[in-house]
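Look at the two complexes coming up: chain A is in both, with chain B in one and chain C in the other.
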Partner chain A sequence: MQLKKKSVLGNAIASAACSLLGALPSTHVVAADATVPATAPAKGPWTVDTALLYYGESDGRVKDKSLRMAIQRAFDEDRALSIDIAVDSLTGASPTGAVPSDVPQTFTRPSAGGTYQAAPGQLPLDDTFKDTRFAIAADWLQPIGEYSRVDVGASASTEYDYQHLGANARLEFDFNQRNTTLFVGAAYGQETIDPVGGAPIPLAPMQGVGNSSSKLGSDSKNVIDGLVGISQILSRRSALTLTYSYSQQSGYLNDPYKILTVVDPVTGRPVAGPSPGLGLYLYDSRPDSRARHGLFGEWRHAFDRDSMAVSFRLMSDDWGVKSSTAEARYRWNLGARSYLEPQIRFYHQGAADFYHSYLVSGQPLPQFASADYRLAQMNAVTTGVKYGRRTGVGDFSVRLEYYKQTTQSADPKIGVLANYDLVPSMSAVIVQFGYKINF
Partner chain B sequence: MANPCEVLCETTDEKAAFAISEAAAAEAFRIERKFSRYRDDSVVHTIHANHGATIVLDEETSQLVDYAATLWQLSEGAFDITSGVLRYAWRFSEPQNKPTAEVIRELLQRVGWHRVLWARPKLTLPDGMEIDFGGIGKEYAVDRTITILGDSLDVPTLVNFGGDLRTAGPRPAAGAWQVGIESIEAAGEADKLIKLATGALATSGDTHRYVEIDGRRYGHILDARTGWPASDAPRSVTVAADTCSQAGTFTTLAMLQGQDAETFLEREGVRYWCLR
Partner chain C sequence: MELHRMMFVLAAVACALVTSGCAAVKPWERDLHAREDMQPDKLDLAIDEHIYFSKEASSGGRSFGGGGCGCN
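Our next item is the complex of A and B:
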């Protein structure tokens, strides 16, 4: 059907309606979109949030399959108990910190019970990396008076070579007609590290099979965290959160499985170590304390149908690592029951003061040195999308993320090292299935 | 009207609320009695029972026929109050096969406003043809009820006859009525909320009345010229207008546009919400 022009049709209908009804109203229609309020169907006291996550790094490096379950039981008067359980299964190979070379390299396994090799040109990876982690945390939330709440909790986790015990507390105060919430939190953690084969003496050389002269027993560290923050409702549609955090770690902060290659100043090849057939590889050495300051800001905004969140995080520690993260998420509500949420995250970090891709033979040994790529200068981009759907039998979600990390070596490439990427880039995919139910 | 009808009043005065709802109910029942196709004491029944003889219609029926005739003209024959007989080919409540071209062709012999002689107030409807005010009656009933309630109504009121609704009286305390558009996925749940301060909303949806043929979905609004519904129309169209009759007319015309419904509404410059 060919339709007549706008004014003709609209006016013709108005005029016909006028004849039909005798008159048209003196006021004109005033209609606008409204947001569908988050419908709170009759809520049962239990909420169970389950997530199955797969994380896989490229080139057969680390793979993590984990299952997380958060169980919450709500009680009267806004009190609630939460129990979080997580089981991780880590497998794969992780870079040891040693640099590639044009000669085959042999390394002693951390257990000192055998060796592994890196072919010429190959990045040395410790393929014995395999662990299962089990973690549990419990939190109790309850109001104190009308305008404040307290949350106290305890946590524990265990893996083959690592134990953690912790306690945390958080207080929240509402004021300014509940438009402002101030919160303070603190946490304490005690961690025991019992590395396979013992904790290496910092900067001691890697020894041959059966020789544990560079290793000691277990060690420990403790972590104190504190934070203070404010949430401010800016308008009916937007809210801002700012948080300052401080973290103080002390004790054994080395990575017992990371090493540094000592290379010849001319050829760039590993120099010979104390054990026959092994190059000189020194164990990681880091300060025994680390203080970190963090600043986090997040702005959330709700549109008529959709919503978005933009956040920024700045971190700085006394190891010289400065990082910034920028993230944006857009929640596109496809209907009242399903949404698509694309997200993007940029991460940049500067190298730790004592980060070295390798050490050079003949030069004075620094007090601290680590070739752990996680302390190198790096950039990372994560892009992802999440799809969620609410059904009568719970909320389902699936999240897909792609992570791309590029790392820069700070050191000049001596001799044969010029042919290699000393800290190779890495990419990873993350797939997560979530299911949440209230009953 | 075969639809849940309701009147919402914002008042603490129970008497006033009762008076308003009684007046609304009375008008709704009056219109239903008068124009229902299913009642043997209705005007529609009388017209059909006349078997092709000329009949003189009362003022109100004449106005409705005039309105329908205008819509027929504006839609170039797509909207037609004589298209009701097509229901013999289309049952929207149960699975069905594609109606044969033959069946449609035969039924179309009994459809078409151009076959009707209308010289207000005299109507000559050829025998075998039918008239159905279903496409405009509900909206008319809402508008009429608002007229009955009068301009001096001092209670914020919303008259809702099966999803076609209009405000009366002053605005509610919250500034506007919140109207949910029923989800096309889950009956009884709202997918969209509209704040209606004043005016009318009409919704035409196929949530409960549609057929799927060869993988295409057909809503219940039939194009009187082809005997077929427009394909790929939105699942639900809601339009805001000054009166319910205007809003309802736009939703019907939009549905007849099929996949071009949004383009049409956009071009018409009306406030609309489509769910697909």
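Our next item is the complex of A and C:
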């Protein structure tokens, strides 16, 4: 049975927070154990969670300064409105996919309005990378009867060269004395890509300044997501969630800013392209559809004072990418008002079927090819720690993370390529300040 | 086939959970589950998901696959 008016926020928090666990009746939400720290007393209908994020990659690559807000307004009868806002400011340089060489290399900027160079031995980076992203999402949570809920939402985001509109819905059903929750969800996204200088024709050669013959206009794609899962309370201390997800993308899935070097089969140097002074660099070409399956599981366990969460994820798609992810967090409650939370994550992916570090001159062109390092074989490790403190004016937190990515090239290193890392490793530092208030 | 294999695993585990007798936890025994530190931090998860979406070939799984970003 639900409480009527005693604690509107308590009901809302109960509903939102426990939806993953098989929502328990609000009357039992307040933690009974007086020694347990950090359970927020219900005060008001508004909760505002804010984070200021800095993400910085090594070697002058991508930097992101981001502001995030998650605002929730709780209403009577377990209803709640959530609004999430994100503003990202991106700068820096991004690998183009071209390989280093022992000769200077010149590239045309995506706008075709100028050139940039890579010195001998240097990884070609497009240093014009700059964008501002604004994203907003709204969700409405509504009970349907006593044992089920629906969450419907919409999202939109805009960047200089990219727009997104989306809608999503999720249904949850409790049964088995609310020890079990089944959930099912679906989402649809429509995305428009309007790359600087136009969307390149797949595998067309990079042209010189002022020549846009390899480029077309804007393009689009759509994304359909579905998921189904179960949350089960295993014991007084443990809960398990399992989710199967499916995602289908179709439309323009190329990266318009990525290229592949065509190298000489003996020397490994770029062969001459159609424009004077430029090597032969071909634009990214990927299939126009991608279907992905995922299996996700998370186990949460409460100790008397602390708690921990362990999760795994297996994914597989029809581009040939298979990945596995394991993640663990331990929440060490230092006292009633502060905590320390170390976390670690391991990630491995196999390369996409059409990933190539480069193409070889004289060999037949494949239908699809990409030198995007994100489609290469990869291992990544994230280590981090979060510190949080509750004060009379809200909850403050700081999170530090270190992300280290190592990628491997499957292609043999011919000629001068033997001297270089064709897909260099990347590391990034993440610093996040958080502030959460309820009123 | 991947889909069938994953669905089979999920269905098998789901059946095992529902029928395993782990339903013995009564509402009044769920105080630990209600603790704030037992709830996922949605904002942190969204931030992490956005970073990994931008830098890796797989995304989503916990929830929807992500999107609305030209970064991947």
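Keep this in mind: the second predicted complex is superposed on the first by the 399 of 439 C-alpha atoms of A that agree within 3 Å, B and C clash if a C-alpha of one lies under 4 Å from a C-alpha of the other, contacts with A are read in each partner's own complex, and residues count from 1 in each chain.
Everything below uses one rule, namely that a residue touches a chain if its C-beta (ideal position, glycine included) is under 8 Å from a C-beta of that chain, and two chains touch if they have at least 3 such contacts.
Computed from a predicted model, the values in this text were never measured in an experiment.
Of the two partner chains, chain C is the only one touched by A:Leu295; chain B is not.
In the superposition on chain A, A:Arg389 makes contact with neither chain B nor chain C.
Of the two partner chains placed by superposition, only chain C is touched by A:Arg236; chain B is not.
Once the two complexes are laid over each other on the shared chain, residue contacts for A:Arg337 go to chain B alone; chain C is not touched.
After overlaying the two complexes on the shared chain, residue contacts for A:Lys413 are found with neither chain B nor chain C. When the two complexes are overlaid, the chain among chain B and chain C that reaches more residues of chain A is C.
In the superposition on chain A, A:Leu314 makes contact with chain C only, while chain B stays out of contact range.
Common to the chain B and chain C contact sets on chain A are residues 14, 17, 20-21, 24-25, 27-33, 36, 39.
Chain A contributes residues 1-4, 6, 9-10, 12-14, 16-17, 19-22, 24-25, 27-37, 39, 335-337 to its touches with chain B in the complex.
By the touch rule above, chain B contacts chain A in their complex via residues 63-64, 66-67, 70-71, 74-78, 140, 143-144, 146-147, 176, 178, 180, 183, 185-186, 189-201, 223, 225, 240-243, 245-247, 249-250, 253, 256-257, 264, 267-271, 273. For chain A in complex with chain C, the residues that touch the partner chain are 14, 17-18, 20-21, 24-25, 27-33, 36, 38-40, 49, 51, 53, 55, 66, 68, 70, 84, 86, 90, 131, 133, 135, 155-157, 159, 161-162, 164, 166, 168, 176-180, 185, 187, 189, 191, 193, 223, 225, 227-230, 232-237, 239-240, 242-247, 292-296, 298, 300, 302, 306-307, 309, 311, 313-317, 319, 321, 323, 325, 331, 333, 339, 347, 349, 352, 374-375, 378, 380, 386, 399, 403, 405, 426, 428, 430, 432, 434.
Residues 2-3, 6-7, 9-10, 13-14, 17-18, 22-23, 25-40, 42-44, 46-47, 50-52, 55-58, 60-65, 67-72 of chain C touch chain A in their complex.
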